[in-house]
Amino acid sequence: MLKHERDRLGKNAILLVLAEDKEEELFSTSHLDELQFRYCKGKVGSMELQKIVAAIETTAKRNGIVNGEIYREMHALYHAIIEAMHGVTRGQVDLGNMLRTVGLRFSIVRGIPYDNDQEGEWLAVALYGTIGAPVRGLEHETIGLGINHI
Amino acid sequence: MLKHERDRLGKNAILLVLAEDKEEELFSTSHLDELQFRYCKGKVGSMELQKIVAAIETTAKRNGIVNGEIYREMHALYHAIIEAMHGVTRGQVDLGNMLRTVGLRFSIVRGIPYDNDQEGEWLAVALYGTIGAPVRGLEHETIGLGINHI
Amino acid sequence: MLKHERDRLGKNAILLVLAEDKEEELFSTSHLDELQFRYCKGKVGSMELQKIVAAIETTAKRNGIVNGEIYREMHALYHAIIEAMHGVTRGQVDLGNMLRTVGLRFSIVRGIPYDNDQEGEWLAVALYGTIGAPVRGLEHETIGLGINHI
Amino acid sequence: MLKHERDRLGKNAILLVLAEDKEEELFSTSHLDELQFRYCKGKVGSMELQKIVAAIETTAKRNGIVNGEIYREMHALYHAIIEAMHGVTRGQVDLGNMLRTVGLRFSIVRGIPYDNDQEGEWLAVALYGTIGAPVRGLEHETIGLGINHI
Amino acid sequence: MLKHERDRLGKNAILLVLAEDKEEELFSTSHLDELQFRYCKGKVGSMELQKIVAAIETTAKRNGIVNGEIYREMHALYHAIIEAMHGVTRGQVDLGNMLRTVGLRFSIVRGIPYDNDQEGEWLAVALYGTIGAPVRGLEHETIGLGINHI
Amino acid sequence: MLKHERDRLGKNAILLVLAEDKEEELFSTSHLDELQFRYCKGKVGSMELQKIVAAIETTAKRNGIVNGEIYREMHALYHAIIEAMHGVTRGQVDLGNMLRTVGLRFSIVRGIPYDNDQEGEWLAVALYGTIGAPVRGLEHETIGLGINHI
C-alpha cells in the first residue's frame, strides 16, 4: 500500500519542483529529510529534448541520487524522465522538431514510498515550467511526473 | 508575458488538486479569489477513460466554469482534459484496454494568466492520484496538467 | 512519377467524398470513369472505431473495389483506412474511449496513379465529416486520407 | 450548430488548397469573401517539420489571418497546424528523422462556422501535397486538416 | 556489460517463444536451466488487449516468475508486457477497437543478463503469433519483446 | 492461409537475424533457399533513425530484394522497416532525440508466405540488437519485425 499522501514520492517531488526560491513557505525540505528520501533540484531550458534528458541524468548522478555506473539505476531514471516528458509534451515527446521549446525546473526524489519495505526504493522525476514557441512570451505552463521502481 | 508564477493558472491548479482536506495550510483558495479565477475540484475513479472525461466536464459545467451550451468552451475544456490525461497515462491515452485503472482528484481553473489582457481567458485542468492494476495497492502516483485558451 | 494532380487517386478521392448530393457541379464522376478508376462512396457514424473500419471494408467489398477473399487486398485496404483515421482523430486513433463520436462520408478509389505502369494499382480512402462530443452540435469538421499500394 | 457544408471552414479550406492555378473552375474564392472569411494560401517543401510549421505561421501572420503578437492566436494556429500534420504523417509527426520529405500546399481560413455567433471565430489549416522518400518520384499524396477555436 | 548473446534474456526468450512443440531441436531449455533463468511459456488469443495482459500476468504468477503480492515485480512485468505489445501492434497498442485480433504464444524469462552482478535481475517478455482481421486466414505474423529491470 | 510456421517469412527472418556467425547450428539458410525466398542480412548502429532506415533500404536494393526504381517496392519496404522500428523503440520511433542509440543486425526476407498463390509476395524485416544510452554497456536487447505485402 502507498504511504499517506504527504509521505509519497510523487507529491513531494511536485511540491519540491513547484517551490520557487521565494516561496519556501510552500514546501519545506525538512520533511523529505525525515522521510529519508534522497532528492535534488535543477533547471534546464532547450529546444533539444536530448539536452533535457542529459541535464536531469547528470544532476541525478552528481547529487548521488543514482549511480551512473549501474545500468539498472540509469534505466530506471531514463524511463522516469521520459514518462515525465509525456506530461510536458502531451502527445509526442518532441520539442525543436515541432518548433517548440521548454524552460523547466526539475526535481528527482528517491526513497521508499510503500508501507511494505519489500517494495524497495522507487524514483520520482517532476518537471515544471513553460512550453511554447521559440519567441519570448509565447508560452504556457507545463508539468510532468514520472515514477519508476529502482 | 505570463504573470509571476504564483498568479498563474497551472501552478494554482496543481496546488489546488494536491491539497488534501487536512492539508489546507499548503494552499489557500483565497489567493484564487483575489486573482478572480473561477475554479472547482472533484474526484473520479474508473477504468473507463470516457468516464473520467465526462466527470470533469460535468463538474466544470455544474460549477459554472464553462458554459455547456457553447461548443467553443467545451472544445477548449475537452482538449485541456485530454492533454492532462497524457501526463497521467504517459504514452497512450487508455486505461481499461491496457488493464489499468485510476483514482484521481481533479481541479479546473479559469482566468487571465497573462499580463496583456488581450490574451483573454485560459483554462487549466490538473489531475493527481494513482494509476495501476485493478488490484488494491498495486498502483503508483500520477499527475497531469492541460492548458488551453478559451 | 505521379500523374498530374487531376488524375491522381487521392485528390479524386477527396473531391468525391466532399461532393454532397446537391453539389454535383463540384465534381463529376465521369472523370473517374475516364481514368478507369474503380470507386464507391458511403456513410457511417459511430463512437466505435471498429464499426467505422467495418463499414468501409464492407462497402469496398460489396462494390468490388477489393476482393474480400484475398488477404493481400484486405491488408492494403485496412492500412489505408487506419491511415485515413489518423487524419480524422489527430493523435490517437480512438473515439468512444475518448468520449467523442464521428459522422463521416467516405470514398474509396482504386487505380493506377503513376506514369509508370509497373507501379501497378494503388488504393485511396478519403473521409470527411464531423467529430465531437456525443451531443448534437458540439462538433467540428474532420478529414483523412490513406493511400496504399495493392 | 455548424453551418451548411458549403459555408464551413474545413471544407472551404480543403477546396482552396486543392485548387491548382489552372483549376480555378473547381473553386471560387468569391464564396469565401461572401462568407467574410479571412484566408491565404502558400507552398512549402522540407524534410524538417519545424520549417513546415514556421512557413505556415509566417504566411498566416503576413496575411493578417492571425496577430503574431497575441499568444492566444498563435497558440490556436500552432495546434491547428500540428493537427493537420497528423493527417499528413499518419502515425508520428516526424519527417526527416524517419527519412521522408513532403512537398505541400497549405491554406489557412478564419471565420465564423457556426449558426450561433457566440461560438465566435475558428481557424482551419488544410494541407495537400506529396510525402515520400527523399528521391524524386518515390512519393504519394497526403492531406491534413486542423481546426481550432481562436 | 551484457553477457554474450547466447546467455542473454531477450534472445533466449525469443527462441523459447519461437520453438513449436515439434521444433525442439531449435531450442533447448536446458541452456536456460544452466543460466539459472526462471522461465515459462503460454498461449493466448483475443481481440481484447486487457485479456492478453491478464493472461501473461497470470501465467507469470502461477509459474513463480514474479510474486503477485509485490507491486514492484508486477510493475516491472506490466511495463515489459506493454513494451512487447508495441512490437505486436506497431503504432497503437490496441486490438478490437481497431478491428483486429491476435493469436499469440508468449514466453517470460527472468535472470541476470549482465556480467556485473550488481545489475541484478531483469525480465524479458517475448510474443510471437499472428495479427489480423477477425476472419480466419486474414492475418500475418507479429513479434514483440519487452525488457525491464525487476 | 499462412503456411506452416517453419515456412513463414517472419519466423525465418527472426531466426536469420538471431543467428550469430558462430551459431549457424541454430539456423540454416538452405531452408530459405528451398522456400525460394530472397533474403539478405546486415548490421547498422546509430543514434540517427534515418541512418537505420537508409542502411536497410540500401542493403535490400544492393542484394536485389527490392527494385529501387519501383516506388511500389520501396513503399512496401519502408513501411515494413518503420513497423519493425516500433518493436525496437516501443512507444516513439525516435533515437537520438530521446538520447538513446541502437546497435542492430537486420534481415530482409521476401517470398510467398500463404498457401494461396494469389496472395503473392510479402516482405519481412527483422531487427535484433541493443538499445540504450550513448555509453558503452548501458543498454539492453531489442527486437522488431515488420511485414508487408509487396
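Each chain carries a letter (A, B, C, D, E and F) given by its place in the written order, and its residues are counted from 1.
The rule is simple: contacts are C-beta pairs under 8 Å (C-beta built on N, C-alpha and C of every residue); 3 or more make two chains touch, one makes a residue touch a chain.
Predicted model only: the values in this text are computed from it and were never measured.
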What's the overlap between the neighbours of subunit D and those of subunit E? A, B, C, F
Compare the CA centroid of subunit E with every other chain's and tell me the farthest one. D
Longest centre-to-centre distance from subunit A, chain (CA-based): C
Where among A-F, A-E or B-E does the C-F interface show up again, with more than half of the contact pairs the same? A-E
Indicate the whole-number Å distance between the mean C-alpha point of subunit C and the mean C-alpha point of subunit D. 20
Between subunit D and subunit B, distance of the C-alpha-averaged centres to the nearest whole Å: 30
Per the C-alpha centroid definition, the whole-Å distance linking subunit B and subunit C comes out as 36
By residue number and range, which residues of subunit D touch two or more other chains? 71, 75, 91-92, 94, 97, 122, 137, 139-140
If we count contacts the way the header does, which residues on subunit D are in touch with subunit B in the complex? 70-72, 75-76, 79, 114, 116, 118-120, 122, 149
In the complex, the residues of subunit B that touch subunit A are 1-2, 5-6, 8-11, 14-15, 18, 20, 23, 26, 83, 86-91, 113, 122, 124, 126, 128, 130, 136-137, 139-147
Looking at the complex, which residues from subunit F come into contact with subunit A? 91-92, 94, 96-100, 132-133, 137-140
Using the touch rule from the top, collect the residues of subunit B that touch subunit C in their complex. 48-50, 53-54, 57, 71, 74-75, 78, 82, 92-94, 97
